[in-house]
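What follows is chain A paired twice: with chain B in the first complex and chain C in the second.
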Partner chain A sequence: MTIRGILAGAACALLFVVLAWGFHAMPAFGHYPGPYGAVIDSAVAQERHLPNAISAVNFDYRGVDTLGEEFILFVAVAGITMVLRFDRERTTDDPLPAKHGRPPSMRSEAVKLFSIAGVGLTIAFCTYLGIHPHLTPGGGFQGAAMLAGFTALVFVGLGFDAFRRIAPQSANETAEAIGAGAYVVIGLATMAIAGTFLANVLPLGGEGEFFSAGTIPLINFFVGLEVVAGFVLMFLEFANETRIEAPEPKA
Partner chain B sequence: MSALQAIALILAAVMATLVVLVREPKRQVFPYMLYGLVLSIAFALLQAPDVALSEMAVGSVAVPFAILATLVRIEHGPPPKQ
Partner chain C sequence: MTGYLAFLVPAWIFVIGLYGMATSRNLVHLIMCLSVTQSSTYVLILEVGYRLGATAPVFSDVLPTVRATDPVVQALSLTDIVVGATVTALLLAFALRVYKKRGTVDPRELHPMRG
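Up next, the complex of A and B:
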């Protein structure tokens, strides 16, 4: 037996012991022991006038955490963009992407058909998800992350040129910055009005109405803007890396 | 635990093993996408639709897109000059 095998066996045995120990002390399946879930469940309808408690937690009760999470995505996308653009600038003397990708003939008709058929459905469903955080499951992050998937569908179905046309780089950069900044601005504005960062100062409305739950749908909208633009920018940067020399136009 | 939940969890374990067993990165992406889908079904059955939707977007679209683009870049070298 090699040293490597002995080490792997010992590590697996240790992992098994620690896992068994941990699972032994876990609460039974489906039995959540903490107090917070029950408190939120019973209080959220009176306090925030909305049925989806998860959004109330994300955008209100722990809104500062969500602000941090939003900036994690912002910094990640900025990092990807900087690293890839720096590399392209060094190898191509061109920080901005070239116009042409691989020739569109490399796709089968079936791939084109299913990709394009999925675009409208994706836009409708994901926009619905994204703007109803307070009424139905989902919300800004989920809706927007899946919405960005429609640009990926266009890339798969129609190719790089079409993808570049529907996902303009500067518009996405602006949208991402506005989405990230607006969250902080809303926080500061509510602090100026109510004295607490991200206090829910807007009228709460009636439960189940589109305009209800105060600042929650507003914050959610800007989170969604940031997420969709962030994901599209990421797709754009990665897609730019896959370009090959454009074919000579036929005379 | 309901039967459906048990099936979804077992499927998740099977798909995860499959992802590890496929050793070629380009082929590995596809079981990985299916693994994301199975995981999001499991989350939905465990009454966590928010997490299921996030997993679907990130696990089945965003990560495979990034991996595939990276593999193309590794295979074909840097993008050409203008």
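Up next, the complex of A and C:
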């Protein structure tokens, strides 16, 4: 037996012991004893006038955590942009010269048809999903992450230049910055009014109405804006890679 | 014992992802295995918050008094998924850089101490 085999066996045994130890102390499946969830479940309708307890946790009770989560996304997008742009010019919205040596990719008519047909459907469904966090299961993160997929459909169906025309980089950069900044601004504004960061100061409205649940749909909207712009920027950077040629060997 | 059988699912997903990472010969494959490993945490925290006979904590057409699962862990798994997706994208960007610089994505051929 090789040293490698012995080490792997020991590591597997250790992993098994740690997993068994961890699961042994867990409450049995279906018998979760934690009280917080039950408290929120029973209080959310009276306190925040919305049926979706998950959105209430995300954008209200744990709003500061979601702010952190949003900035993780922001920083990750900035990191991807920096890493991918390492050896090329800053990408702009100006028309790019065609790269020689790379023939235009051919698509079948069926691919074009189904990609373009999917665009409207994606936009309609994902916007619906994204702006109703307080009424139905859904919200800015889920809706916007899927909404960004319509730009990928355009990329598949019509190519990189069409993608850049419908999702200009400058607009997405602005939208992402607004989305990230507005969350902080809302937090500071509510702090100025109510004394607590991200206090729900807006009128709560009637449960089940579109304008209800106070700041939750508002925050959700800006989170969605940030997520969709961030994902599109990510797609743009990765798509840009498809047109970069290998550097020519130095003579 | 049967109360713990459900926890074998995240344990299995975790271990199979870990095995894939340990034996991976391709950085893209390795990053996908990391995603699999991470997705075990979604299953785990959703299972932790489950209560027998409970419905989803969205009270659109059920009364707020009905037994529902824990919304806190569901919100946590949402956070988890978003962070997981962005980390995967960032790692793929790094893999792309590695390929451009070194011409390979096989971790065994990438000696860690070369600049």
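The rule is simple: the second predicted complex is superposed on the first by the 223 of 251 C-alpha atoms of A that agree within 3 Å, B and C clash if a C-alpha of one lies under 4 Å from a C-alpha of the other, contacts with A are read in each partner's own complex, and residues count from 1 in each chain.
One rule holds in what follows: contacts are C-beta pairs under 8 Å (C-beta built on N, C-alpha and C of every residue); 3 or more make two chains touch, one makes a residue touch a chain.
Please read all numbers here as calculations on a predicted model, not as lab measurements.
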{"item": "Touching partner for A:79 - first (chain B), second (chain C), both, neither", "value": "second"}
{"item": "Chain B versus chain C as contact partner of A:3, first or second or both or neither", "value": "neither"}
{"item": "Partner chain in contact with A:149 - chain B first, chain C second, else both or neither", "value": "first"}
{"item": "Partner chain(s) touched by A:45 [first = chain B, second = chain C, both, neither]", "value": "second"}
{"item": "Chain B versus chain C as contact partner of A:239, first or second or both or neither", "value": "first"}
{"item": "First, second, both or neither for A:31, with chain B first and chain C second", "value": "second"}
{"item": "If touched residues of chain A are counted for chain B and for chain C, the larger one", "value": "C"}
{"item": "Which of chain B and chain C A:135 touches, first, second, both or neither", "value": "second"}
{"item": "Partner chain in contact with A:19 - chain B first, chain C second, else both or neither", "value": "second"}
{"item": "Residues of chain A at both interfaces, chain B in one complex, chain C in the other", "value": "29-30, 54, 87, 137, 139, 141-142, 145, 234, 238, 241"}
{"item": "Chain B-facing residues of chain A, complex", "value": "29-30, 54, 87-88, 91-94, 97-98, 129, 137-139, 141-143, 145-146, 148-149, 152, 231, 234-235, 238-245"}
{"item": "Chain A partner contacts - residues on chain B that touch it in the complex", "value": "1, 49-50, 53-54, 56-58, 61-62, 65-66, 69-70, 72-73, 76, 78-82"}
{"item": "Of all residues in chain C, those that touch chain A in their complex", "value": "3-7, 11, 14-15, 18, 22, 47-52, 56-60, 64-65, 68-75, 78-79, 81-83, 85-87, 89-90, 92-94, 96-97, 100"}
{"item": "Residues of chain A that touch chain C when the two form their complex", "value": "8, 15, 19, 23-24, 26-32, 34, 36-38, 40-42, 44-45, 51-54, 56-58, 62, 65-66, 69, 72-73, 76-77, 79-80, 83-84, 86-87, 135-137, 139, 141-142, 145, 208, 227, 230, 234, 237-238, 241"}
